[in-house]
Amino acid sequence: MAICIMATGGTFDKEYNELDGTLSFKETHIKDMLSLGRSKADIIVRTIMMKDSLEMQDFDRELILSHCNNAKEKHIIITHGTDRMSETAHFLGKRNAGKDQTIVLTGAMIPYAFGSSDGLFNLGCAIGFVQTLPFGVYVAMNGRYFHWNNVRKNITLGAFEELTQTAQENNEESF
Amino acid sequence: MAICIMATGGTFDKEYNELDGTLSFKETHIKDMLSLGRSKADIIVRTIMMKDSLEMQDFDRELILSHCNNAKEKHIIITHGTDRMSETAHFLGKRNAGKDQTIVLTGAMIPYAFGSSDGLFNLGCAIGFVQTLPFGVYVAMNGRYFHWNNVRKNITLGAFEELTQTAQENNEESF
Amino acid sequence: MAICIMATGGTFDKEYNELDGTLSFKETHIKDMLSLGRSKADIIVRTIMMKDSLEMQDFDRELILSHCNNAKEKHIIITHGTDRMSETAHFLGKRNAGKDQTIVLTGAMIPYAFGSSDGLFNLGCAIGFVQTLPFGVYVAMNGRYFHWNNVRKNITLGAFEELTQTAQENNEESF
Amino acid sequence: MAICIMATGGTFDKEYNELDGTLSFKETHIKDMLSLGRSKADIIVRTIMMKDSLEMQDFDRELILSHCNNAKEKHIIITHGTDRMSETAHFLGKRNAGKDQTIVLTGAMIPYAFGSSDGLFNLGCAIGFVQTLPFGVYVAMNGRYFHWNNVRKNITLGAFEELTQTAQENNEESF
């Protein structure tokens, strides 16, 4: 069961630059994480971009969509900044990504490089979900999965949750 | 979706005793791991035993089976030593555990307490699989899942794999 | 041999705020680090301030000086941001701090909370140097010690070094 | 100031073998540790042996002594198992090692490879002490230094301490 992991950046892959004290990107840590997890799943890793999701724009999401559409794999994980993860999931879901693929977005609250990160757990969850959920677009965070049209980040709690019933009915404005 | 995690010990939960240089058990690290992973899934943790799986006997497996049968949760993760994980999965599967529950066994090659462990990744995978796989008994290791009657630990590689076709036909002798 | 560790902040004690993605201070990690190092030395820890050294001004240095002058301990470690560590050492040395105390400034390039930090090593070095160097003001970084009037941070390399001979002669302008 | 670090094994350098669940040695981690600590001190690392100190015999100590005597460096750190560290320090001190060298033994209670080790702190302390203490043989543990003829490991506490006055008078029997 071939899985493609597409890295787009986010806190997941941020690193501390010790020369200037800033957080920035070098390369994705996904291969190191799979190696640490002793993964033997059939996985290829593609770096699409290395961006903070707050800086993502629609042409970035178009690029991600295009990579999904062109991927021959039926199981796709997208690592993504948490701040706009729901937005990208919504963008992909609206455009029928996931009609014949299982697409799971995940990320991290703490950079993997900082030692005590949630990233390895989240990557594990995503690898579990992506192999077993039906076709569609999902967010996998906090040990749970959410459908693209029913998820938002609660920025006060730093955790993902379903939209409220009302919000769901008007979900385009709500995440 | 309520999940019960049953801790039985294994490398997953081993610790280094700095006074005598041995590896032993104190308490399970599962709650710490869920906390590190920012899990918000509906999970309860029960410690069934704290054993190296090489020391597990059939009455230990009976106890695990009994806990599964008595659990009201439909989604059960069992953390377990890797050396006899396939054996316990087989024991449970043969006795019809998993007829109306999804039971996923997982563990680790490196103790969680040692920092660079595969345990957090494996726990994540198990949490993904247990919520989405149909009823049955499975092993989740190496980013993959295996049916109870088609898995063994390759002790040379330190990884789990399907039985060979022939082995599968005679699978009671083969793990 | 009583040692006083005065925490002033710096990268050493920075933490990642997962809610807004910034680096900031909570409390010093020095006690945790001493505990991890199984320190049994006679040490007390005082938090003087929690500042990025780029934001330190002369009244901050006056405060540090005053704490040194009022300390009854003869062995003082000051944890400090690396960017202005040489400047503070110079400030203290010029004002005769260290005339009857051994004062050692140290810090870190990577926050202790990020797992792969140099902080624990640097704290160890400082604890070694502070117990054995003669009275005076020193910087302890990179496994070495430097006199207050002969040290600067090479910001390109991210490491501390002696002033050049010429620089040394004019050292007030050179760090 | 050239420093020679002689690795002899001990908990400091033990690793977990995930295939058989035992603790054993591969190579010393000292270079990795110096790199993590951003050390720029003039240090060379020599591996003399990789032994648990409980298995060290007098011919092992003769070998260590011979390496000290033949070293051209005046500053020597010996990484060593903690269980017999006092014994080796005594062996060296009795044979006049340290007459024109500063020799510091150090080690760890937790393997460096296990993440939450005291090893990095202890190595830092030893690097501080070895550059500043007068010629002689010392043990550097728990943030402190001890003279070779006045130290023992308290195995109940897992920490080093001076001999009692009485013990000191009869110190050959007391460590």
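First chain written, first letter: the chains are A, B, C and D, and each begins at residue 1.
Methods note: a contact is a pair of C-beta atoms (placed from the backbone, for glycine too) under 8 Å apart; a residue touches a chain by one contact, two chains touch by 3 or more.
The structure presented is a predicted model; accordingly, all values stated were derived computationally and were not measured.
**Q** If you walk touching chains, what's the least steps from subunit B to subunit D?
**A** 1
**Q** State, to the nearest whole Å, the distance from the C-alpha centre of subunit A to the C-alpha centre of subunit B.
**A** For subunit A versus subunit B, the centre distance works out to 27 Å.
**Q** When the centre of a chain is set as the mean of its C-alpha atoms, what distance in Å lies between subunit B and subunit C?
**A** One centre to the other, that is 47 Å.
**Q** Quick check: what residues of subunit C touch more than one other chain, meaning two or more?
**A** Residues 109, 115-116, 158.
**Q** State which pairs of chains touch, listing all of them.
**A** A-B, A-C, B-D, C-D
**Q** With touch defined as at the start, can you tell me which subunit B residues reach subunit A in the complex?
**A** 33-34, 36-41, 43, 109, 115-118, 120-133, 140-145, 158-161
**Q** Help me check something: in the complex, which residues belonging to subunit D touch subunit B?
**A** 11, 16, 18-19, 21, 23, 52, 109-111, 113-116, 155-156, 158
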